[in-house]
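Attaching a single structure in C-alpha cells format; questions to follow.
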Amino acid sequence: MPKLKEIAALIGGEVRGDGSLEITGIQAMAAAGPSDIAFIARGKENPDISCLRAGALIVAEGSPLAYPAVVCVPDPQLAFARLLEYFHPRRPFCSGVSASAAISETAELAVNIRIGPFSYVGENSRIGANSEIHAHVTIYRDVQIGSDCLIYSNVVIRENVEIGNRVIIHSGAVIGADGFGFGRAADGTAVKIPQKGKVIIGDGCEIGANTCIDRSTIEETVLAENVKLDNLVQIGHNVHIGKNTAISAQTGISGSTRIGAQVIMGGQVGIADHVQIADGVMIAAKSGVTGSVKTKMIIAGIPHQELASWRKNMVLARNLAEWKEKLHLMEKRIKQLEEK
Amino acid sequence: MPKLKEIAALIGGEVRGDGSLEITGIQAMAAAGPSDIAFIARGKENPDISCLRAGALIVAEGSPLAYPAVVCVPDPQLAFARLLEYFHPRRPFCSGVSASAAISETAELAVNIRIGPFSYVGENSRIGANSEIHAHVTIYRDVQIGSDCLIYSNVVIRENVEIGNRVIIHSGAVIGADGFGFGRAADGTAVKIPQKGKVIIGDGCEIGANTCIDRSTIEETVLAENVKLDNLVQIGHNVHIGKNTAISAQTGISGSTRIGAQVIMGGQVGIADHVQIADGVMIAAKSGVTGSVKTKMIIAGIPHQELASWRKNMVLARNLAEWKEKLHLMEKRIKQLEEK
Amino acid sequence: MPKLKEIAALIGGEVRGDGSLEITGIQAMAAAGPSDIAFIARGKENPDISCLRAGALIVAEGSPLAYPAVVCVPDPQLAFARLLEYFHPRRPFCSGVSASAAISETAELAVNIRIGPFSYVGENSRIGANSEIHAHVTIYRDVQIGSDCLIYSNVVIRENVEIGNRVIIHSGAVIGADGFGFGRAADGTAVKIPQKGKVIIGDGCEIGANTCIDRSTIEETVLAENVKLDNLVQIGHNVHIGKNTAISAQTGISGSTRIGAQVIMGGQVGIADHVQIADGVMIAAKSGVTGSVKTKMIIAGIPHQELASWRKNMVLARNLAEWKEKLHLMEKRIKQLEEK
C-alpha cells in the first residue's frame, strides 16, 4: 500500500503532515474515509472540513490548508486525474484478437492490438500499435486508425476515414456517415448529392457516445488535434474544428462551418452553415449562432450576441409587463398635460 | 374469442349494454370495427360518435355515454394499456441463450434468461431471472442486471453499471460511457479526467433509444425507481434523478445536477450543471434551466422563469414593433408640449 | 479516360471549349487540378477564377463563363451529383450473404441481396431484391424491406416495420422503438402504455445516423415517399410526414403531429404534439413550434412566428437597454412638464 509521500512523489507534490500515512484509494470529499485521499479544487480552498473523514487532501500550492495531512501541487485537478488512473487502472477489454472478430484478409493490424468479439475490420483498413477495439465495432474498408486508440463497442467507422493516434471514440458514435446533401429536381423531389469525401480525426481527440461526424460530398471534414466532443453531438459535412476545442452534448455544427482552436461550447448549441468562429470563442449553452464570430469573445442567445448584452437584455425582457404598465402611465400623464 | 363481459372483468370495469358481444381486438377510435373495442380518454367524453364503427367503448366511470355498449372503468387509459398487452402480447425475442452469443465464463446467468445472437456478456457480470437480452448487446465486465429486464438490440452497458429489476432499455442506448470531464494543462491542452464512477439504474426505469447516461469521475450517476427517459436524452455524469420523473426526447442534464421526484420535462430541455430541481417541477419543452428551482412550479424559457410570466413576456415580446411606434409618438407629444 | 465531351453527354450538357480534354476526376473548386472537373452553383456565377487550376467547369445554362472549357447544364448541382457517382461508384459492402449473418429460417430474401457479417434477420421478415444490409444490423421479426435498399451497420429495425424501396438508413438509426407513452396510476407512478403500432417508411426515404422513429400504441407512424431525415432526429409515435419533406439534424417531432409535404426544417427544431404543419412550410433552425401552422409560410422563434416578424422583434429585443434609457428620459421630461 502506497504511503502519502509516495503518492506525493507520483503527482509531483509536497507533503504537509504525516508522509507515512497509508493511502488505499481516492474518493470524493464526502465519501472519503481515513485511508483515502480527496482533492480540493483551486478556488474552493475553504471547504467545511468539520465532517471530513479523508486521510489526506490534495490542495493547490499556496493553499493555507494543513488538514491532518495535505499534498500541495500546482494543479489539484490534474493530480486527481493522475491518481484516479493509478488507483483504478483501465483493464484491457480482451487479449489479442477475438476468435469471433471478422478481419478482412487485406486489413493490416500492427503489434499489440486487441479486438473484441464480433468486431469487423474491412478491406485495406489499417490499425496502429496498441490500439484497442471493443465488441461490435464496424470498421469499413480503407480506414486508417493510429496507435494507442480506444474504440468502444458499437462504434461505426465508415470507409476512407482517417483517425490519428491516442483517439478515444465512445460507444454508438458514427464517423463518416453521409452528409445531409440534396439538390432539388424540377418537380421538387430531393435528389441525393453523393457524399464521397473523407473524415480526418487528429491525434488525441475524444468523441462522445452516439455522436455523429459526417463526410462531405468531396471535401474533408476535419477535427484537429485534441478536439473533445461530448455525447450526441452532430458535426455536419465539411466542418473543420481547430485544436483543443471542446464541444458539449447535443450541440450541432452545420455544414462547411469553420471552428477555431480553443473554442468552448456549452450543450445544445447550434451553429449555422458556412460561418467562422474565431479561436478562443466561448459559446453559452443553447445559443443559436447565425453568423461568423470574428474575434475572441463570449456569446449567448438566439441569435447570438455578446454574453454581457444578452444577460442585460434577458433581465429587461423578463420585465416587459412592468414596462407596459409604465408606458401606459406615461401616456396618461402626457394626455393630462396636453389637455391643460 | 372473449366476450365483452370477460373483457370488462379483465379491466375491473362494468358493462353498460350487451355483455355477450364478441371482441376480437383493440383499436383507435377511427380504425375500430364492429368487433373491436376502443377507448375514450377522461376529459374527452363528447366525441363525435356518428361515424363510430367500434363494437364497444371503454369510458370513465360517470361518463354519460351509453353507445351501443360501453365498459366503465376508473381510468380508461390504463384499461386500454392492459387490453393492448392482452390482445398483442409481447413475444420473446428468442428461446434461451443463442449459440452465437459470447458469454464470459465468469458471468452468472439466473434462470429463464434469453440472450439473442451476437450478444456479449463480460467477466463477472450477472443477469437476473427472466431477463431478456436481444441481439448485438454489449455488456461489459462487472455489470449487474436485475430480473425481468428487457434490453433491446445494440444497447451498450459499460463496466460496473448496476441495473435494477423490470428495467427496459431501448436500442442504441449507452449506459456508463465516460462523463465529459477535462482539466487544462498549462499550455491549454485538455487533459482527460478519468471517469471511474458507477451508474445505478433503479427498478422499473425505462430508457429510450440512443439515450446516453454517463459515468462520473468517482461518484455515482443515479436514476431512482421508475424514471422514464425518452430517446436521445443526455444524462451527464454524477446526475441524480428522483423517482417517477419523466424526461422527453433530446433533453440534456449537465453534470452533478439533482433532479427531484415526479418531475416532468418536455423535449429539448437543457439544464445547467450543479443545480437542483425540486420534486414535482414541470419544465416546458426547449427551456434552458440556468439555476436551481427550489419549489414545485411550472417553468419555461431561456433562461427559465415561471410559465405564466414567460407566456406574458412572450406575448409582449412579439409586439415590440408596436411599442416602438408608441414610444416614438409619445416622444413627439412630449416635444410638442415642451415647445409650448 | 473519359473526354470532356463524353462527360458532357453523360450529364446532358453542352461543351464550350476543347471537348477532347481528358477528365480523370471531379473535385471542389479549390482542390481541382488540370484533369479534374469542378462545378459552379447556380447563382454563384462570378467566382474568382484567377487561381483556378481545374481542367473544366460545370456551369448553368446561360452562364457567361467560358473558362478554358465549360459544360453548360440546366442544373450544375445535379450534374455534379451524377459525376460524383460516376467517378466514385459505391462499392458493395460484401458479396452475397455473409457466413456469419444469422438469418431466421422463415425469413425471405429476394435475389441479389447482400448481408454483412453478424447481421440478424428475424422470423418472417422479408427483404426485397438488390437490397444491401451491412454488418451488425438487427432486423426483428415480421419486418418488410423493399428492393434496392441500403442499410448501414448498426441499424436496428424493430418488429412489424414496413420499409419501401430505395430507402437508405444510416448507421445507428433505430426504427420502431416504443413511443414514449405513459399513464399515471393513482399513486403517481408512471404506467407504460404498450406500443404495438407500426412504422411505415415510404419509397426513396433517407434516414440519418442515430435518428429514432418511434412506433405508436396502436396507430401508425408514417414517412411518405422521399422524406429525408438528417442525423439524431427524433420522430415521435403516430407522427405522419408528407412526401419530399426534409428535416435537419437534432430536430424533434412530438407524438401525433402531422407534417405536410415539401416542408423544410432547420436543425434543432422542436414541434409540439398533435399539431399540423401545412405543405411547404419552412421552419428556421432552433424554432419551437407550439401550435399548428395552417398555411405555407416561413417561421422562426420560440414560440414560432413568421420569420419577418421574428427578425424585427429580435433586432428590437437586442436594444432593450437603449429603450429603457429612453423611457427614463421621457419620464423625466414629463415630470418637468408637470412641475411647470
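Order of writing sets the labels: A, B and C. Residues in every chain begin at 1.
Note that a contact is a pair of C-beta atoms (placed from the backbone, for glycine too) under 8 Å apart; a residue touches a chain by one contact, two chains touch by 3 or more.
Just so we're clear, the structure is a prediction, and the values are computed from it rather than from any experiment.
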item: Angle (degrees, nearest 5) of the CA superposition of chain B onto chain C; value: 120
item: Interface numbering overlap (same over half, different under half) for chain A and chain B; value: different
item: Geometric centre distance via CA averages, chain B-chain A, whole Å; value: 26
item: Per-residue overlap in chain B, given as positions that touch at least 2 other chains; value: 118, 136, 154, 172, 210, 232, 250, 268, 302, 317, 323, 327, 330, 334, 337
item: Residues of chain B touching chain A in the complex; value: 102, 118, 120, 136, 138, 140-141, 154, 156, 158, 172, 174, 177-178, 180, 182-183, 185-186, 188-194, 196, 210, 212, 214, 217-219, 232, 234, 236, 250, 252, 254, 268, 270, 272, 288, 302-303, 305, 309, 312-313, 316-317, 323, 326-327, 330, 333-334, 337
item: Touch list for chain C against partner chain A, complex; value: 26-28, 31, 75, 77-78, 80-81, 84-85, 88, 90-91, 93, 98, 100, 116-118, 134-136, 152-154, 168, 170-172, 206, 208-210, 226, 228, 230-232, 244, 246, 248-250, 262, 267-268, 285-286, 302, 314, 317-318, 320-321, 323-324, 327, 330-331, 334, 337-338
